[in-house]
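Both complexes below contain chain A, partnered by chain B and then by chain C.
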Partner chain A sequence: MQPQKIEEGIIVRPLGAETLLMHEPTCNVHCLNQMAYLVYLYSDGARTPAEIAERIVQENGLPCTADAVEIAIEQLVERSLMHCPLPELTPERQLRRREVLQQLAAMMAVPVILSLSAGRSSAACFTTNEHDTFFYPEASVPRSVNFFVETFDLTCEP
Partner chain B sequence: MNADDTVQELRVQAFGVSFAVRFNIPEMRAGIERFALPPGWEAVEPSTEVDRLFSIWFLQDGGERPYRVIEHQRRRRYSVRNQDEALALLEDLIEQFQAYRSPNRLFVHAGAVGWNGRAIVLPGDSFAGKSTLVAALLKKGAGYLSDEMAVLDSEGLVHPFPRQLSIREEGALLGRRCRVEEFGGVTEHHPLPIGIVAFLQYERGNTWQVSELSPGEGAMEFLRHAGRPSFKAALCLHAASSAVSHAQILSGVRGDADQAADRLIELVESRATSLFRKAV
Partner chain C sequence: MPGTRVGRAIADLSVRCWTNSPPTFQLHSQQLRALLPAFLSAGVLTLIQERLEKLDNLSPQLLRRIREHCRKQSMQCAQHELRTKLVFQRLRANGIEPVLIKGWSVARHYANPLSRFTLDVDVCVRREQLPVAEQVIAELGLPFGSVDLHGGIHDLADRGWQAVFDRTTLEPFHSDQVRVLCPEEQLRLVCLHFWRHRCNRAVWLCDIAALLEAQSSDFDWNLCLAGRRRDADRIKAAASLAARLLKARIDAPWEEAAARKLPDWLVKSVLESWGRGSTLDEDRLGVMWIVASSLFNPLDPIRTVNRLPIGPYHSERTMKWLTRLIMPAVVLIRIVRDTTAPLNRRETAAVALHPKVVS
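Now for the complex of A and B:
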């Protein structure tokens, strides 16, 4: 397993101890804590999870294991921020994962990613004539008025 | 109401977005200018090509819904009952389009006021109680920025968007228009850095129960309340992260608006003091 981060179309913005990543074409946003971001940063397609963990420990002084890196990788792959074939999640792996998470929680070293996808936000989507999709807070779609709406094919006629 | 055969037109721009509004009732011009056009609008030359065209038509034989509001490029036609509804709808549509198209501003669905050179920003959906809390803050001497849209630049500064406040009576859909002076407030004229961002939901009978969010969580919540079209993704990210980077970010529920306003003022003042101490 040699994870490769996806960089194309991703805008990175550090914010204190966290880092925001935005996928430009979809405007999906992710907030990575330090551990998750370091895994993303060091996943160059050449290192294994054990090597990434070692680098995190050496260069950043954070407690980290290959298991912790694998948990971060799963989350990153799920969010289309990383390429990496994942092994099947068997009951044994699930159990192991739970144990690892407990250990990481005790070390305050759980990789955490918060995500906001345009479709899951408090936003309503409507399509503009430019064939772009615009996500806008639902509440601002005109609901202050009781209206009847229809589409029309002719121009400009009431 | 006299529908005129002659179509009139307003052609304006604001925040880098231009649009035209056509109407067939001469008396409607004042209402459009006062209520539907965004704050800071400026007329442009009649020959200027605009980004979008809207119309309001009154139809003599329009039945129960004689007013038509039309978004031409989206080919949408809305039928409403009276002029107030037509203007409120037009205002919403223009605001949405402006939020989408404005090339250098991020529009966040939020109320905002200024206090001692810092902005207090209150993001929230409609019916979350933003305008009521903004009004309570104005009564205590805050400067008015907006009751509906916080307009941010790429540095995260909040620009004034001082449309008239819309105060809803309980159960009403359409708010009553109020001028800022009715609350003893004044309008801010300059962009302000953010001191506090508070994601508050009004719950009747409840008390102030908030927790603090990290800057990352705050930026995510900010973006949840903003339009973020892909062509200005970088601006959205930079504006939201800059806006929260030096702010205190709160999330939770509030009860009475007056008490919540006191808490917010107390917090923004103590924050200013601690920042001053740090600087010294």
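Now for the complex of A and C:
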């Protein structure tokens, strides 16, 4: 398992302590906390999760394990930000993952990614000849992500 | 808190928020909690987030709530940037050269462009190209309301599309280029837009301040102010207001005289309108409330300036009489005219909005 980050069509922008990855082709925007971003940054297709974790600890002084890196990789692959064949999610793996998340939460080292996906709609735009119009876009952070963050009381800061 | 006091608090906390300057205020959690709805509806919360983070007496829960809100808004701004690029690419591929107004074209003058929240992408095309542009953007399938397409440039209509277009410039934008207004017309548009929306969002005054400070030495004030005198007066008044309330630095020959003339009723009305957002706890409703309250408030002197062919430089007494006597008559005449005309303006607008449905 040697993850390879996708760089084509991705714009990286710092946002305070976090980092935004803007995916041009889909107009999706992802906000990565420091841990998730470091995993993305060090995934060059040559390192294993254990090696990435080691580098994060050595170079950034953050508590990190191979399990944390794997969780970050799963999220990054799901969002098409990384190439990596993922092993099947068996019940045993699910249980293990839950335990790992609890441990990481205690260490404040959970990799978190919040995503704003580009919604689709048949009514695409509001055209006005004479007046400006004032309204909010429909886009919002997916409910499942909010639920995860609220349930585990996680913020995006490490 | 009364509206003017809330408005004053918004102004004080937003002083020079388009720069990286440190906070010049102290605030407690309770005060901030009371002011939060007003900040949200004024659109300045993201701009002052970094300053709030530096205060040491705010509760972590409140800061976390603010951080989450600001993060979401910054992500939406980033998404709008991507959409801007996409819209420009598609329109150009169909032979249409659009002009970006507001949004990123103003946000780029902020120290952190992602902190300047934008609701949508405002794109202007030549009026004749509007039906094609509409179709091109519809094919993109972007979320409803994310692109506001204009035929011509409403606030610069008196100058003509071609003249304005000839002065536009191409600016680098995410490995591509977008066409934006020249600085003089950008400032003119932002000031007149601020007036047209009854000065009711503090973030628009921050835009004016940011543009004033981004001026180069060859900024042509004659080009910016050319045209009707009342428009020039509105631009000067908006700039003076930015200097008075937000401590913006103006480098203009008329600056001192305009600052002296700035009417007190204007400062008071603007602060009141900013303070109106404090009554609701939801940003979306807050904005709607501000729009609704200013739509149905015929005694607003800013509305009087917008509706009558006058500039803002009048005494409080004159404005009071104009607002109380002439404005109700103007509103009445408009209602009669709109209800009796066979094809009134609203129907014309409806045809423009939904040509296929109507035909």
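Methods note: the second predicted complex is superposed on the first by the 120 of 158 C-alpha atoms of A that agree within 3 Å, B and C clash if a C-alpha of one lies under 4 Å from a C-alpha of the other, contacts with A are read in each partner's own complex, and residues count from 1 in each chain.
In this text, contacts are C-beta pairs under 8 Å (C-beta built on N, C-alpha and C of every residue); 3 or more make two chains touch, one makes a residue touch a chain.
Model, not experiment: these values are computed from the prediction.
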Inset, instruction - Using the touch definition from the top, say if A:Val29 reaches chain B (first), chain C (second), both or neither. - result: both
Inset, instruction - Report for A:Leu15: first if it touches chain B alone, second if chain C alone, otherwise both or neither. - result: both
Inset, instruction - State whether A:Leu95 touches chain B only (first), chain C only (second), both chains, or neither. - result: neither
Inset, instruction - For A:Leu116, select first, second, both or neither according to whether it touches chain B, chain C, the two together, or no partner. - result: both
Legend entry - chain B and chain C footprints on chain A, overlapping residues: 11, 13, 15-16, 18, 20, 22, 24, 27, 29, 31, 114, 116, 118, 121-123, 126, 128-129, 132-141, 155-156
Legend entry - Touch list for chain B against partner chain A, complex: 55, 57, 59, 65, 68-70, 72-81, 85, 88-89, 92-93, 95-96, 99-100, 109, 125-127, 166, 173-175, 214-217, 219-220, 223-231, 233-234, 236-238, 241, 244-245
Inset, instruction - Under the touch definition given earlier, write down the residues of chain A that touch chain B in their complex. - result: 11, 13, 15-20, 22, 24-27, 29, 31, 33, 114, 116, 118, 121-123, 126, 128-129, 132-153, 155-156, 158
Legend entry - Residues on chain C engaged by chain A in the complex (per definition of touch): 50, 64, 67, 71-72, 74-76, 78-83, 85-86, 114, 119-120, 122, 127, 130, 134, 137-152, 154, 174, 193, 196-197, 284, 287, 291, 345, 349, 352-353
Legend entry - chain A - residues contacting chain C, complex: 11, 13, 15-16, 18, 20, 22-24, 27-29, 31, 114, 116, 118-141, 155-156
